[in-house]
Amino acid sequence: MAIAREDPKNLDELNRELAQGYMRGLWAREIPERGEPRPFGPPHVWKWEAIHSGLLAAGDLVSLDRFGVRRNIGLVNPGLVEQGAFASATMTMGFQLVKSGETALAHRHTASAIRFIVEGQVGAYTVVNGEKCTMERGDLILTPNWHWHDHHNESERPVIWIDGLDAPMGMALRAGFTEPYHDPKGQPLKSAVDYASRNPGGLSVPGPAPVRLIYKWKETLAALHGINDTNKSPHDGRCLEYRNETYGGHTLRSFTCWIQMLDGGEETLRHRHTTTHLYHVVEGEGSTEAGEKKLAWEKGDCFVIPNWTWHRHRNTDPREPAILFSMNDLPVQQALDLYREERSE
Amino acid sequence: MAIAREDPKNLDELNRELAQGYMRGLWAREIPERGEPRPFGPPHVWKWEAIHSGLLAAGDLVSLDRFGVRRNIGLVNPGLVEQGAFASATMTMGFQLVKSGETALAHRHTASAIRFIVEGQVGAYTVVNGEKCTMERGDLILTPNWHWHDHHNESERPVIWIDGLDAPMGMALRAGFTEPYHDPKGQPLKSAVDYASRNPGGLSVPGPAPVRLIYKWKETLAALHGINDTNKSPHDGRCLEYRNETYGGHTLRSFTCWIQMLDGGEETLRHRHTTTHLYHVVEGEGSTEAGEKKLAWEKGDCFVIPNWTWHRHRNTDPREPAILFSMNDLPVQQALDLYREERSE
Amino acid sequence: MAIAREDPKNLDELNRELAQGYMRGLWAREIPERGEPRPFGPPHVWKWEAIHSGLLAAGDLVSLDRFGVRRNIGLVNPGLVEQGAFASATMTMGFQLVKSGETALAHRHTASAIRFIVEGQVGAYTVVNGEKCTMERGDLILTPNWHWHDHHNESERPVIWIDGLDAPMGMALRAGFTEPYHDPKGQPLKSAVDYASRNPGGLSVPGPAPVRLIYKWKETLAALHGINDTNKSPHDGRCLEYRNETYGGHTLRSFTCWIQMLDGGEETLRHRHTTTHLYHVVEGEGSTEAGEKKLAWEKGDCFVIPNWTWHRHRNTDPREPAILFSMNDLPVQQALDLYREERSE
Amino acid sequence: MAIAREDPKNLDELNRELAQGYMRGLWAREIPERGEPRPFGPPHVWKWEAIHSGLLAAGDLVSLDRFGVRRNIGLVNPGLVEQGAFASATMTMGFQLVKSGETALAHRHTASAIRFIVEGQVGAYTVVNGEKCTMERGDLILTPNWHWHDHHNESERPVIWIDGLDAPMGMALRAGFTEPYHDPKGQPLKSAVDYASRNPGGLSVPGPAPVRLIYKWKETLAALHGINDTNKSPHDGRCLEYRNETYGGHTLRSFTCWIQMLDGGEETLRHRHTTTHLYHVVEGEGSTEAGEKKLAWEKGDCFVIPNWTWHRHRNTDPREPAILFSMNDLPVQQALDLYREERSE
């Protein structure tokens, strides 16, 4: 076959013809010779005062029965307002309020989620596939992919927690399912309360290891204080990953969670990585230089370090430690061999 | 802390306030109680005549030097015109033309790719990390994640092939890098021609197994004809996966490739799955019912079965087999435990 | 080549000729048409009184300096007296005594080991690759493959523990190395005391998860009491595996450890498996039917259930629970796809 | 508890008492401070003439019906005559003869095996789980763990092959089962002849990848000649591993197979490793220095390089290549993290 051309065209004409036939020349895209990831949006801080005020208002205005199953306020990265309105390109971070006496009914979905408790106390709990997990400040509770979960508040005071999900990834893969639990009374309990937490020795019934579902704050805090100087990271201070044997050492299959402590006055070194980190300030105050921005934060605030953005943290209190909880999308980047990091000298 | 409310609001007012603070109530999204994936777009056929005509015109109008490194026409799903303009939500499928005497210069990127040769002959080849891979009709050549690759046509006639990439996934994860090769003369050759193909016994130098880079058509066709009736799939006929030990049995880490043969007159059973399949007709003619559509196809055409869309294939020629090459995103769905399938009775 | 025979032989003559040439006909072995594993030896009980008395005598007669690095008395299965003199075909179980003020100097070996503390208290400890692990009754300490370890007793009283090793496997594979630590003062400490135990939440510094080295008895006991009836095994009662993320959920790569509790008066169902179990009685008294034998045991005793031997356990005390620590070789059997189990109706 | 001693003993007395109670002091073993593996036996050559002569005699004297299911002559390392009488501590290597018209009836066992064909031709074949595998000189056929297999010789001439098994490992683990096939007529055929070999492109029906069962000599030889100088090993010449996706890139789960070619006059560098290698000379002649010995070998001979023995190979023919087939126990050593190698400068 020789290349024969009937009617000469110019490139614009060709582009129009291709578009009509649902095609597009690669030359019509901007593809740099040498490229690196562009952050999906700017670094940003969400102040606790605004989040909290919104939650209180939603507590009055949004009925769990009437408006849907969850009273959740999601953070929206300014760069993603039109593209999904999520906190990052791969993860969501939001705040949920369940008032005294309320129940958020049981359902399950293919999106995997974590809950980090911001305000909670005895009487508040989540049931995950039949395991009752108590919700006290600082606890981390997992509801992996397709696990039933319902939230209960039998205490006198409201419960507030962070919901973190991999929903944007599931949406990108177009593979999401959701299902309500058949019985409005919720799931039957199948194990001891906080089974995974009361079973901290890494011991469990022979056979495939169960998924770990809860990490109590008391133990997390002890572990955090147990990190010696040798094990400090120059970029992240005293930093721990919530590990899950089921997911190869990460918290979940799609994203993972960290808890980190900056000593009084500590300032970390600058680096950047292809992963995105969503932060919540558990204790203390400080600031994070991220790209061109300087994000000042204090207890309750949230902030985001988008992908491939140079950043460093600083605890501005010279004496008290600052504690940060965070989520990042390392596991899926590792599964696709995409993770990279650069460090400043 | 008791919940105290200073100024009563209505929900619209709250929504506005939240939006101003880069937040959004979950109640403002439509979230069904019971949900399943929505296809990212309609099933669609792209006719070879239009693709081919576009390639020929591009051969005249697009210089490899001037307009960029690749003369590629990408298929655009009608449902994704505004959202990336890709063939599917997770993969691209396009056609590339390299004319006699031309070279597409070496570069590498974190996107993984396959090439399926539509028109090729002795003298045409791709070099992948120093391995020269010949390009003849029906061959499959891989350029995994961050492998250098350059395309050469030292034959008298043009070469046309399908480029399939996981670029939409890399974009979703915001982790993509691209780099040109330092030497315009291209990469030095490091192994025998078609090393992986001349080494078909699964033998290789001790140590980590090398990535398989080429599957020659002659062997693929022999394997296809070697499938007996017992191993036929009721949904996909005589179907083979191009396996790669490096990627746990799939072709690449992010997507995988199949070659399948429908016997003369064969009609498969209906099913649907969360994965998307991008097809190219290697031989024969037939039709595929997909959702509400009936896609008629013949040699050279491409078509897409979007995620979670009921479908069945039919070879409309009563005597001659039809052969289909395809790509699908099963590996990443399995890595995140998201794959599901439903079959009609 | 036609088969030509010069000198007719009989089979005995052939067998002799082959033996002279270091060959052997398969016909000269007894190979049953249908076969199953033969236990390597009989079930057997070792009484604590005898073990303890031996240890005390060794305490007087055996100097850590003079006679070698460890004052250890190994259990010998009656079926293996001539074949290695080990407790089982794949594992050793022995008792070690370190007196007040003594140190067992640091070394490392490719054999992996566990220590289960029988008598211990504050002041006794083992250092494993720089991590100080305290030795109190019921604690489990690991010294995996090629980890430096030295044992110290700075308390006023002797320390006694069980040493369990995979030495017979390493010997079968002929791949064992041993090395003394260069400095007689021992290893420097690198982390907090009982780091892995004070870090029970499954949290650790990002990066490859560290090997868990210690499981404190207090937590083990709490976990044991936390097993509800639903999770009881009909064959092993309330049973937990000491899990190690590093080894795919087992305690070590070659063998694994269990702790199990039989309720007052409990009698388990009969089963057999290709694995061998070496038991130590932590609390209580009971009996185990194993093959033709009935093994009566009480606190401090050890017993072995050899491979493929039918067995059942009974707690003969109607009120108090019995607690058993054990080792078994499941991990290596799984690695080679050899594990099987049979259960009585 | 204070240590109290009733009757002073000496160490001999204690040792006797312990032995009576089926115990043994570690001090009674020779355990060097610094140790490395001792080879299980000497390097050794078995000459083809002796093997072949034995096989011919066995052909006359040993009936497949009468004396057992396999007419196999096993090689016995001089160091293992009393300890299992195997070729190495972990593997067996033997030769099997099936005469024209004979069948070795179907059975299966938990030991995994390979067959390397020394003399074979059209009409000779093995059936493995329903797949007919032809037996021609140089072919490698696998019968993994618990796969049914029967051997048939419908040709006019005898077939001789090497049987290599992991039987010593299975015996060490005491987990071996054997079972005869219920039907003396043998297994029904389930796939095309040499399915895995006619399917060389690494393609197979979607789903779990099937176990590869056959590697035809023609392809092996082509692969061997395809190794360029860059990929030559200084210790093993042009060397290939028979890879199996199912077993993580090794031939089987317990041991792996290599084919290697020494160029005319080639002499390799000295090294040693914890693995043992059992060799068979396919073509050519040469010598191997192993420990204190110099093993001269020619076509048909077998030799063993025991574990941790320094060795180097030499092709004594200055022009013709020598080709060696071998088995080694790397996979199980890697599974237990035991592999080590040392190279001379």
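Each chain gets a letter, A, B, C and D, in the order it is written, and its residues are counted from 1.
Just so it is clear, a contact is a pair of C-beta atoms (placed from the backbone, for glycine too) under 8 Å apart; a residue touches a chain by one contact, two chains touch by 3 or more.
Quick caveat: nothing in here was measured; it's all calculated off a predicted structure.
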Requested in this report: Return the chain whose centre of C-alpha atoms lies at maximal distance from the corresponding centre of chain A.
Outcome: D
Report task. Quick one: report the Å distance separating chain C from chain D, using the average Cα coordinate of each chain. Result -> 30
Report summary line: Between the Cα centroids of chain A and chain D the separation in whole angstrom comes to 51
Query raised in the report: How many angstrom between the C-alpha centroids of chain D and chain B?
Result: 42
Query raised in the report: Can you list the residues of chain A that touch 2 or more other chains?
Result: none
Report task. Just spell out which pairs of chains touch, all of them. Result -> A-B, A-C, B-D, C-D
Query - Interfacial residue positions of chain C with respect to chain A in the complex - result: 190-192, 195, 197-206, 208-209, 212, 215-216, 219-220, 222-224, 226-228, 230-231, 233, 236, 239-245, 249, 258-259
Query - Residue numbers on chain B that touch chain A, as the complex places them - result: 1-5, 8-11, 14, 17-19, 21-27, 31-40, 44, 46, 50-51, 54, 56-62, 67-78, 81, 85, 89-90, 94, 99, 107, 109-110, 119, 145-146, 157-158, 166, 168-170, 172-180, 253-254, 274-276, 306-308, 329, 332-333, 335-340
